[in-house]
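Step one of this worksheet: look at the structure below.
Each chain gets a letter, A, B, C, D, E and F, in the order it is written, and its residues are counted from 1.
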Amino acid sequence: MTLINQLREKDEFVGFYLLKELDVKQTNATPPKDYFDIVLCDSSGQLPAKYWDVSAADKETFFPMGLVKVHGVVQLYRERLQIRIMRIRKSTPEDGVSVTDFIRSAPIRPVDLIYAIKQAMDSIADPEIKAIVSFCAAKVEEKLMHYPAAKTHHHAYFAGLAYHIARMLEIGDFICRQRPFLNPDFIKAGIILHDIAKPEEMIAQLGIVSEYSLEGKLIGHISMASNWITEAAIRCGIDLDSDRVLGLQHLVLSHHNLGEWGSPVQPQTAEAVALHYIDSLDAKLQMVEDALDTTPDTETWTPMIRGLENKAIYRLSI
Amino acid sequence: MTLINQLREKDEFVGFYLLKELDVKQTNATPPKDYFDIVLCDSSGQLPAKYWDVSAADKETFFPMGLVKVHGVVQLYRERLQIRIMRIRKSTPEDGVSVTDFIRSAPIRPVDLIYAIKQAMDSIADPEIKAIVSFCAAKVEEKLMHYPAAKTHHHAYFAGLAYHIARMLEIGDFICRQRPFLNPDFIKAGIILHDIAKPEEMIAQLGIVSEYSLEGKLIGHISMASNWITEAAIRCGIDLDSDRVLGLQHLVLSHHNLGEWGSPVQPQTAEAVALHYIDSLDAKLQMVEDALDTTPDTETWTPMIRGLENKAIYRLSI
Amino acid sequence: MTLINQLREKDEFVGFYLLKELDVKQTNATPPKDYFDIVLCDSSGQLPAKYWDVSAADKETFFPMGLVKVHGVVQLYRERLQIRIMRIRKSTPEDGVSVTDFIRSAPIRPVDLIYAIKQAMDSIADPEIKAIVSFCAAKVEEKLMHYPAAKTHHHAYFAGLAYHIARMLEIGDFICRQRPFLNPDFIKAGIILHDIAKPEEMIAQLGIVSEYSLEGKLIGHISMASNWITEAAIRCGIDLDSDRVLGLQHLVLSHHNLGEWGSPVQPQTAEAVALHYIDSLDAKLQMVEDALDTTPDTETWTPMIRGLENKAIYRLSI
Amino acid sequence: MTLINQLREKDEFVGFYLLKELDVKQTNATPPKDYFDIVLCDSSGQLPAKYWDVSAADKETFFPMGLVKVHGVVQLYRERLQIRIMRIRKSTPEDGVSVTDFIRSAPIRPVDLIYAIKQAMDSIADPEIKAIVSFCAAKVEEKLMHYPAAKTHHHAYFAGLAYHIARMLEIGDFICRQRPFLNPDFIKAGIILHDIAKPEEMIAQLGIVSEYSLEGKLIGHISMASNWITEAAIRCGIDLDSDRVLGLQHLVLSHHNLGEWGSPVQPQTAEAVALHYIDSLDAKLQMVEDALDTTPDTETWTPMIRGLENKAIYRLSI
Amino acid sequence: MTLINQLREKDEFVGFYLLKELDVKQTNATPPKDYFDIVLCDSSGQLPAKYWDVSAADKETFFPMGLVKVHGVVQLYRERLQIRIMRIRKSTPEDGVSVTDFIRSAPIRPVDLIYAIKQAMDSIADPEIKAIVSFCAAKVEEKLMHYPAAKTHHHAYFAGLAYHIARMLEIGDFICRQRPFLNPDFIKAGIILHDIAKPEEMIAQLGIVSEYSLEGKLIGHISMASNWITEAAIRCGIDLDSDRVLGLQHLVLSHHNLGEWGSPVQPQTAEAVALHYIDSLDAKLQMVEDALDTTPDTETWTPMIRGLENKAIYRLSI
Amino acid sequence: MTLINQLREKDEFVGFYLLKELDVKQTNATPPKDYFDIVLCDSSGQLPAKYWDVSAADKETFFPMGLVKVHGVVQLYRERLQIRIMRIRKSTPEDGVSVTDFIRSAPIRPVDLIYAIKQAMDSIADPEIKAIVSFCAAKVEEKLMHYPAAKTHHHAYFAGLAYHIARMLEIGDFICRQRPFLNPDFIKAGIILHDIAKPEEMIAQLGIVSEYSLEGKLIGHISMASNWITEAAIRCGIDLDSDRVLGLQHLVLSHHNLGEWGSPVQPQTAEAVALHYIDSLDAKLQMVEDALDTTPDTETWTPMIRGLENKAIYRLSI
């Protein structure tokens, strides 16, 4: 089975792919005819595809995010590769293929990421902080296995959020050793909690966010996490006015640093300052790494990256 | 007893005043001598005052926010009136004077303001919204009788917050009648809740804010109120994910309209839009009215007003 | 006759509609054929339509903003309804239909709006202010019956400007009673004059603005109205330097509040502050109300609204 | 008579100077004694001065902006020169000194500047443009002889406005010859009219602005000039809607280029673009030239200049 | 041979044109057929063109920026003129046509512009400044004959950069005579050096920039020129810390005035201030002049101009 | 000898201190008398001091940044400690005290910092990059032993710059191991070069910056370092257009990320993105750590910190 990023012009191939996008369109003929405007993907990349002469049954059969077996030919259309689909059918259990093999995903297995996050959570010394972090993490336990960290901004793939958290924990661990005046419990808690409400802010499937939830739009993940901390403290019988609760809410509320970036308060504890800059460092470098990874080796420039002042990244030849 | 704003140059007078500010300073003599640099006020205004030849006992006796009886003379110093204090003593219970008679205050009695607010609260039809509003209002019930709405920005005086709420309720009532598509329950609830955490965000005495509380700095009144709504819903057994809880939190979180003004989300319900603009209309007009009230009739311009693009207001002569 | 918003897929219908937009396009056939790409509307909404096989005579017959009788079929094209026009002809006087029945319009009849505005104008006590307001209003008397308040921003429909003025007068009346320090003459005059030059700033037909006038682009409605006040004072023999003329010009010039929003000076009288916030309150709430009205009841979110930080409005289910 | 900028430490001198500023202050002695805190100036510069042991009569005699004869000694106080006044009296007509000899002033005589401006005005070919320019210039004819162009920003001295206009006319003349597509009538008219209302916007004496006028604050010189053009057209019987009137108002209204700099519309004619950039070039270079002129030759850096991004200017040694 | 801007609907013509843009597209037929989507231009303007039924050989023959002989017909397509190409062939040396006759170009011959620039360079009195300017200019000597000053912003045509420099030298010369405190050597040097690295920042052919160079993206023309001055000083044996080298680098580095416009330092010498405003005046007026020149005389408004706050320019009818 | 931060009210003491600031002021007596307004410091902190009855000889003897032996008494003045100096003399070589013992300094010895930096430099694998880094570092070798990283912003003390570089190298080392796609040579080079010109941008003594150098103002440390790289490449015979030179200049030029923060280009290589965020993380955390270190343990809030959105940092009590 040929990977998407190995298909070349005029190749004829058969293989399984994920129907990432599917639109029914019409030709300009009179009368117009329906055809499928499709995006096929696997874990190596994606290509546009056309399936002409669509039947009424086809329109009831194929939907986005389904696995299909495709017999196709690769053509060049306006200087870009495009697949002309000759035959297509839905995959069946007998095919033995799994959707998760066809999507973009964090480079580390979700179970390992979750394990690393749990390890960090367990190592929190303060029992009240640990209790609050555990309560909040439990709310999204299942989703943390596969949710992305954002719609497109950064870590926008399967298990991207857990990957972001796990890597930030590594940096946090290093910085706490380099600067012992930082409280490691708050650093760990802040890293785990800062985006913990994102799985409820967004609606995602297989690491791809389709839209924001109602709560995501009206409240936002920052205030949602702050409310969860309030709920956690009440459920666990922890004083709502304690420095621990205050400190955790402050970490979450201030981690975007500025009002125009969504934080109603600015960082005012050492750990809140550290959290914001660790978050930036990891998110920005991941944007760069992902852009370079998905740009063919033959290109010296990546596409423009929104989160990096809309600049492209150049591959220095050294 | 002469009111502050009726004292004229060379007047000699005896009366009770509030020691609003008091600093111990030293003359440039060798050796330097201590004197008091004082601000005396009553409900009509305030004047600077000097008390020379302060004794060690005086320094243990007089403190800001205390009532004093003063025998003084009014002098002109650098084109401004200033009081030279000849004699001063603390007021005693026998004097029969009360601090609240000497401070700037909303033009309506606190009990009447609280009554109006309670009336509005009682008229909320939806029992869950009413329960949440009541729970949050109960948290600051006592403070609502006397807290200002802000440190200096607007309604910065005794019972200023209750006055702000009561007047907004009047506007809200009018707008709901003019535009029946608005939900009056949410409008009332939004008006009562939008600044409800301010008494815990600031530390105030007699309507004068001395500083922000720790919680006020690290969380801010907007997120505090959002957390209170979470707490209220839990305590009252109301579903945290219901449109009611979401709608109330959204009203509170969005009422500053923009991220740079402190709102983590922007208004996205009809009532949230209404709340922000009713709040602006009342706050800005109160700034104007208060500035005109405290500017002598003989002046055509008020001092500059921060909340109005730092502009002064001109009294048109018509 | 079926209203636009009641047409369903596969309906065949005959009725009168307004040709809101009409473009002649060409198919991709060789040789290409002309067809009409049309938007049909009535007061309930609008739908796209196609008329294939256009003749040379058709191209001389049909133009935007004309009434037509259509025999059509409703089809689904890319998940949206679209009309396929079978037959079309221009309406004739005998049809007894009037363009104004087919356009979006303020919910109150223009004559009633104008009556309300005239009532307010008549109630201005100061004769000089009344004279200036009358002079300026007379300049656009006819256009005030039907002009919108803006191209798209708010009140963008037939008689939208008069509706905006009439509603602001209601709010102004309430606020003047709530805050007696405001001068009702200036409030009324400011509300009537603030957008009075808009009918000369824009070129509109049936409430739809096609473009800005030359004067609108080079001078803008704010400075135009200021110049009209100068003209009015000269024509009526009123002193150009009087506080009345100054006060009225200041109201007009400052009502956008900030330089970046088009006001060369910022509000510096009580009435100018009031005017800006009454204007905001009415315009923003109208944007919300209109967006909700034109969004099908089955949708919980309106489209995004430019004037509201580009946010959509959610219909709370309570 | 020694010029201010030639006085050195320990000099004893007698001469005539302008009392630019005078404050009555009090010593810290008990009882405090009055003294004068003074700024003496002549056309070469200014120095602070102290006059101790002020009598009641002195306080009735000396006022700012008056000429005085001073017998003084130069002292060093905190590393800066300061005059200790031994004797002081007001100048009398017999002294034969004139205030205008003691103030900072444009380097060209006002009559010559006015002559140059009138020449330019006379050379306007279009009779309607000439009539409007003449009408507006006549309104401030007397003040144009001595008004500054701004309070502090640029050309802030005697006849500074006329100097600014005259120099811009030179640049305008050059640019019209370099780029013949520009209309010289509009360029001349725009240059003369752009700041023509400044003498009514500010209250100045001897080139020193004390404050803004009421009209200056509520209307601003840009809209005032626009209103004057309206008035001129009416008085001269010129059509208010003609391209000439529109073009002139557009020049005036747009010459600050951006809304946040006070222009309600942005330049949209060739001459309006030229006017803004000619204005900038002249104003900015004059700021630099004036700063260098008033900085002692021994200093390599001028003070910081507000209008130049708050930067100081360095004197390159070449 | 008919000029592009004289072609009218239904004209049939034969002539030489430049193939400014060429895309191979496909029709919607089944199977799709290739056609050329073309832009033809000459020095008078440009028009879109279609060439149907493209052969495989054609695709190997025609490329952008080549001269062709065309037999075509002018048609109206969606209210705009479009050429239908009947026959097309590449021009040959025998045709005696030259690409430079078909492109937009500065109104003065490159050799004359270069001559004027060299004259200015020769007139620099200071030998070290002259040496540095000469060294840097020599780096781009050949490209200065034809490079534009920018991709689209201003002077975006053949020899546009040299034209910009030459005209600025004229203004600089005038301003130095008007304000003798300016150093003419620095003014000339600043004008010649300020954009001297642009030919290495951009990749252009025939005055049309296709993209930025790697160095242009990573370093930018401002820092490139600064580095060239360093290199020049080293090569010519001039002290790197001298006021001359500092002064020249400062001119180059500060000429965009603000950090957000690309200047790492703000102007802090008289000549640097002058350079920025001379640059603005020339660039902005050229944008206006070019927009008016390329807008048909029958249109009163030019298209919107990015560099002028995105405003269009109106042709006043006087 | 008592450390500054251990002095308490009424203590009488003798010891060596650094005269950090010294102003000659005058009393208000008639005639006024000179006195010294002084700031005394040691490595533990600083206190204001007064020395009355200064003689003419004293004024010739004492200057800022000199070591003195003081006999003094601690007094309370306006609620703050202040030293009254009874006797004072300059320290002599016999006293055996060294200025460097009395100043604020990085917590690691300069020689160790320099050693760490040199180690990193030596470990650069690419010989050309190593040569350029070495050349630039050699320019400031001596100053790197003691220069601060900024005037007040961060690391503003003895050897602060070397400390900043050394700590960033630690973070850079960690990040390169965590993300192997980063080139360690460029990361090391970027960290060492990014602020390498600061010792020539500022004039500092003992870690205290008194002002910016001429070159610092006119060129800025970012462009200075870029020029040094050009110089280094020329001196070492490295191709100015190589990716190595380009890559190093890009690192330096882009490390402030945005134009308004002083970077003429934005980061466009992976290492440039990493450099900016490593720089931010280290600088911001050092601001926090230094603020906490110099705030008495009894205070829960530090003073406001400019570089952290002007916020103070709270010491959480956990």
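The definition used in the following text is that a contact is a pair of C-beta atoms (placed from the backbone, for glycine too) under 8 Å apart; a residue touches a chain by one contact, two chains touch by 3 or more.
Here the structure is a predicted model, which means the values were calculated and not measured.
Visitor: Along touching chains only, what is the step distance from chain A to chain D?
Guide: Minimum step count, chain A to chain D: 2.
Visitor: Over half shared numbers or under half: where do the identical copies chain C and chain E land at their interface, same or different?
Guide: different
Visitor: Find the geometric centre of each of chain A and chain C from their Cα atoms only, then give the gap between the two centres in Å, rounded to an integer.
Guide: Centre-to-centre distance between chain A and chain C: 44 Å.
Visitor: Could you work out how far the Cα centre of chain C sits from that of chain F, in whole Å?
Guide: About 62 Å separates the centre of chain C from that of chain F.
Visitor: Which residues belonging to chain F are in contact with no fewer than two other chains?
Guide: Expected reply: 28, 214, 217-218, 246-247, 258, 268-269, 314.
Visitor: How do the chains pair up in terms of touching? List each pair.
Guide: A-B, A-C, A-E, A-F, B-C, B-D, B-F, C-D, C-E, D-E, D-F, E-F
Visitor: Using the touch definition from the top, list the residues of chain B that touch chain D in their complex.
Guide: Spelled out, the residues of chain B in touch with chain D are 27-29, 52, 77-78, 314.
Visitor: If we count contacts the way the header does, which residues on chain F are in touch with chain D in the complex?
Guide: Per the touch definition, chain F meets chain D at residues 23-26, 28, 30, 214, 217-218.
Visitor: Give the list of chain E residues in touch with chain D in this complex.
Guide: 126, 167, 170-171, 174-175, 178-179, 181-183, 185-186, 243-244, 246-247, 257-258, 266-271, 273-274, 277-278, 280-281, 284-285, 288-289, 292, 308-309, 311-318
Visitor: For the complex, which residues does chain B have touching chain A?
Guide: It is residues 214-215, 217-220, 222-223, 226-227, 230-231, 234, 240-241, 246-247, 249-250, 253, 258-265, 268-269 of chain B that touch chain A.
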